[in-house]
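Next up: the structures, one after another.
Each of the next two complexes has subunit A plus one more chain, namely subunit B in the first and subunit C in the second.
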Partner chain A sequence: MIGALPVAIGVAAVACGGEAATPAAPASGGAAAPKGAPIKVGASVSTTGSNGKTGLYQVEAYKLWIDQVNARGGLLGRPVEMIILDDESDPTIGTKLYEKLINEDKVDLVMGPYSSSVTQAVSTVTEKYKFPMLAAGASASDIWKRNYKYIFGVYSVAESYFYSVIDIAKAAGMQTVAIVNEDTVFPKATAAGTAEYVRKQGLRIVFQEQYPAKATDLSSLITKVKAAKPDVLVGGSYQPDSILLTRQAKELDLNVKLLAFSVGAAIPEFGTGLGKDADFVMGPSMWEPVLKTKGNVEFVETYTKKWNREPDYHSATGFAGGQILEAAVAKAKSLDREKIREALSSLDIETVLPGRYKVDDTGTQTAHIAVVIQWQGKEKPVIAPDSMANGKPKLPTPEWKARP
Partner chain B sequence: MGTDLATAAQVVVSGLLLGGLYALLAGGLTLVFGVMRVINLAHGELLMLGAYVACLLFAATGLNPIVALLVSIPVLFVVGAVTQRFVVNRVVNAPLLTSLLLTYGLSLVVTGTAQAVWTNDYRSVPFITGGFALGEVSISRPRLLAFAVSLVLTGAAHVFLTRTRWGKAMRATAQNADVALACGIDIDRARMLAFGIASALAGAAGTLVSFLYSVYPEMGRAFMLKAFAVIVLGGLGSFPGALIGAMILGVVEAGAAYLSTTQIAEAVIYIMLLAMLLVRPHGLLGTAER
Partner chain C sequence: MVAASVTGLAARRLTSGYTAAMVLLGVGVSLLPLMVSNYILTFVLQALMACALAGSWNLISGFTGYVSFGHAAFFGLGAYAAGIAIAKAAVPAPVAIASAAIVAGCAGLCLGYPALRLRGPYFAVGMLGVAEALRVGITVAEPVTGGGRGLVMPPQDVLLPAYFSMLALVVLIVAITRAVATRPVGLRLLAIREDEVAAEVTGIQTTRLKLVAFATSATLAGVAGGIYAWHMSYIDPTTVFAGSLTVRAIAMTMLGGQGTVFGPVIGSVVLSVIGEVTWARFPFLHNAVSGALIVVIVLFIPRGVTGVLQDRGVLPRSRTL
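Entry: the complex of A and B
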């Protein structure tokens, strides 16, 4: 009876349709003010629902990019406006919204939604209408295993998130690994890729299990991990479950030498939410504000000024998505979506993200480099790869009892 | 062998600690149903509000969440009483579907408002952390604290219901509103009071959850389905039933999660729920409808 009640209402709120950036006044750097009918770029991003928090970073980045594009003279000399809808973190709503953007709002171009689940679903729509789309908020490699022609990766696939972490573990002489993950598309892909890499590196998996999204108690899971006595515990997890896993690991005195989480660890709230218990936890990050990538300093500065908070890596991937689309339109010299698709498949450029943008013939991102951070005090220095590091890994993680 | 026993004890302890919290949440739900035959689908949102009270106070002043109960309980009592007086009371005698729709609507409004005011950020209260060992069993400090406070509050509510004049008035209203009215009981006030107390209990549960789990506008949903399972198990309208149901649910959930996986544990809960409805639809301690 209760369960049968509709949980989501399929009403999409126009998050910011009306307030899309107005063409900027004479831009700095001598760019001519954009003229003519605006180019419409559509996207739906989760700003409510379970991924609303992270999705919001992506929306903010899109809006910042629009501001800057218009200040630079627009796309092909025309102003750009963006229609951003909210899919409530629901893939089904996401597909309806992209149908709406393409058929009713008649957008010229689209940008990707947030989360692998939603991206996987909506890419069936954009593929059907032959709209090239940059997956600025998705990284599960399944998205690129369907022979789709119109979907392009912006950052590393989920499977590779923990490669560098496992390398660090191996270098430190650790041998056994436990993997736990939420049972949704992206964490599953992270776990599968990690498991494969762990075996390839000659380490042993002693425990692997999934848990449902929205789990509020993982004590039984932690009890089982504890019995397996792993050196390393990696979690394919988002913010609430990463924090929950860390808290319950401490409560149940589960001691591992290395603890790492896929999405949860790199965000600032992981540190504020756990205080000193966040220390020693590692996490892959697609981007960090301290990186010396092209235009990064300016990006962090303008973003912080516009939104009164520091960008998160989801902001950076969103912004990079915009940068790539801009470069692709410039290369295609038209809004012809076939030409833009060709441009996206052959582009090789730098963005604010570490590494480069370059895709293989499936559209999978191949040149982006994921970095690893570790919480140390209230800082989270980049500890790998060496070429970008501004700190050194602190290992092994001391036992809970030995910590203040 | 010793290890196996210790593990079993660990799982049972984890389950019981979980159950204490479920009891506090389900107690209010079952009270409202008992007194006014309304299933409050917005009960989880009251939990969320209680969690925000603790979270915001902690962020602003570093206030101990246990002390924050002194704020969240009265605040949520007033929120509940006012909501009952002006909104829910209108549907008390209406068909069940009307009150379901009303409270479902309320839950959407409250969640949406919370999202607008507080954003979707996950917040945490880094208050009491860690655990201690009791033999080979690790006991979570924050969860033990939440468990103890839950039992005290559930017990206090039970004493209030069975021993005080207003408690008796509420139970009389639950048994038969018409006869209660004929006996001179102010049934509107009894209902308002019941809803207020139920909200206060949910708010207290939320305040306790604030230092166990992340606080965000939609957090209520994660707990509500468990609360419904508890009251179906314990018997709709039965306060002691909710307590027993909550403990059983906690232990079954933890046990199933240990023996299989956390995903299967969720399924086991619903299978148990269905089985209960088939075999004993009025729950363990509920009374069968005439």
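Entry: the complex of A and C
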């Protein structure tokens, strides 16, 4: 095989005596320096390949969490180090790497990879060795339909991503919906869940179609959507395709009253890449920097300082995964993986993510709340749910030609 | 020519020594589970899978020169045939793998019949299209295949049985290749590679031969896919129809020597080691490094390691190598 043994992007466990400002560091300014043999946490995340860009946010968040854990005294008083490998966005390599982490590197704990398909594949390996794993980068609900006991969701399942967007559309009196999605694991789950919810809410689906991954031209799809004349267009998408769809919608003058995309729309690059054309586009987000969740201000601050760029929601889910693991180890008071598993299934805590962490019997996340953002100028205020909103939805979306 | 120095008894000794080394390699790999961790086993299992793909590709493309860029199609079909059999009908693994062989083999026959009428780049590109069309087909046939969400099978720990099945497949492929290479049929296939019209004129039934070789190659790739699905217990179209599977098979075969018995084995061993080193040294560049390596092979050692060693007189020109 080309691409055999991985390189450990080792994160050194620096036992710094609590100098870094961290949310949970005691006010007296100095947690006891962690002592003893380091606890090893392993993860494989896609940092190259098709999901490399998004995966990198998750890696950065893991590393930040490790810094902070060590600064506040480590886990169980021991320093923590993390071994992060790259699975090249390939599930086959992912399974090999978790075998390596568990058997070769003898890690004590694992964290989840990025993307639903890699998580789906490696969860079989972690299940085999009875390693509890937080899926900090995956949300397709199929993952929790296999009766696995050791995999836990961190954020909302893909199926529920657009619920609030549809609610907004319904409240604004819109009636017809078109759904397009990439034909891979996560976008499909998103589209399927949205379609079901649309019907339940009494709206009508006038068009639904998939497009291949890595598509570079979606103009024929846009033309078909245009012919169906929907009020709402929902895209089950990743980053590149959401930008492509918006661009081609403008070129072909496709006008809808509400345009929304998964993943892509919530990423800062959507606004920088599209400029004014990003305006009015909505998207579900698992987290936003403006949210007043526990420790969020510090998280954004320390992250931006360490990595010289703002975190996106994939950073936040990765970071929350770390927070949850930390809480579970504290609750289990040991590295016994059965006890940690029990802790993970019964924990009910706050993280930087909106809502709470709490899972049902299958390990599916139930208490996280996805928010909706809308691009307005260069900002993307949260417009739903009301309790967390810092802006109001601007509807309907004006026609392309009517824009300045 | 130096080659002349390797003749008679010496040549025979060298040949049997070389074969013995390969047998030893096989024995070593089969004893590995006693010595190493599950990670190394998973790694070797995936290397064996690449070797099986290279070996099966060699059977058609290495011998007849019909370079297929769509070999992953049969791997993917086999994976889905076995996957569906396991997920929907809960059949035991041997039955699932047998169905992978049958589906991939039949597909090889049906596709080979028209496709093998194309020559050179037309065939190569045609097969590329076939693989892509099959990937889309599997994605669209959602009720049966799970579509883009992937196909989930009940989880089972089958690392060891999968490991030995893949090893057995590689041994089988080497045995078939050796049987072909040492019999007149091997020469006929090579004749097609050198000059198909001339081969036809000498009375070789080129169409039938090509079709049989193609279907055999497809069947073996399908079995590899079946074992893969069984081991992973989760497959998705993007992964099992990936073009990179084909590219690796081609690179390994070319490095080891096309149309030779052990070439694909040598190629996969060498590329595995190189992959290991480049990945450790250049984590973000290793794909580029492997790509550059393929260019170097094509430019400087088009006949592969085996060919070079034979030209230099290190190895005799025996067809059993």
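Please note the rule applied: the second predicted complex is superposed on the first by the 374 of 404 C-alpha atoms of A that agree within 3 Å, B and C clash if a C-alpha of one lies under 4 Å from a C-alpha of the other, contacts with A are read in each partner's own complex, and residues count from 1 in each chain.
Methods note: a contact is a pair of C-beta atoms (placed from the backbone, for glycine too) under 8 Å apart; a residue touches a chain by one contact, two chains touch by 3 or more.
What you see is a predicted model, and the numbers here were worked out from it, not measured in a lab.
Look at subunit A after the overlay: subunit B and subunit C clash there. Legend: residue contacts after superposition of the two complexes on their common chain; A:Thr48 is shown touching both subunit B and subunit C. In the superposed model, A:Ala402 makes contact with neither subunit B nor subunit C. When the shared chain is aligned, no partner comes close enough to touch A:Ala37: not subunit B, not subunit C.
In the superposition on chain A, A:Ala215 makes contact with subunit B only, not with subunit C. Of the two partner chains placed around the shared chain by superposition, subunit C is the only one that A:Thr95 touches, whereas subunit B remains out of contact.
When the shared chain is aligned, subunit B comes close enough to touch A:Leu274, but subunit C does not.
Only one of the stretches 99-107, 189-197 or 243-251 belonging to subunit B has C-alpha atoms clashing with subunit C in the superposition, and it is 99-107. Residue overlap on subunit A between its contacts with subunit B in one complex and with subunit C in the other: 2-3, 5, 7, 9, 47-48, 183, 210, 212. Across the interface of their complex, subunit A is touched by residues 3, 7, 10-11, 14, 18, 39, 41, 100, 104, 108, 115, 119-124, 126, 129-131, 133, 138-143, 209, 212-214, 216, 218, 221-223, 225, 228, 253-255, 257-258, 261-263, 265-266, 270 of subunit B. Here subunit A touches subunit C in the complex through residues 1-7, 9, 47-48, 86, 90-92, 95-96, 99-100, 102-104, 117, 120-121, 124, 127-128, 140, 142, 145-146, 148, 182-185, 187-189, 210, 212-213, going by the rule given at the top. Of all the residues in subunit A, the ones that touch subunit B in their complex are 2-3, 5, 7, 9, 47-50, 52-53, 56, 183, 209-212, 214-221, 223-224, 227, 239-240, 243-244, 247-248, 250-253, 269, 272-275, 277, 400.
Residues 37-43, 46-47, 49-50, 136, 139, 147-150, 152, 154-155, 157, 228, 232-234, 236, 238-239, 242, 248, 251, 268, 271-276, 279-281, 283-284, 286-287, 290 of subunit C are the ones that touch subunit A when the two sit in their complex.
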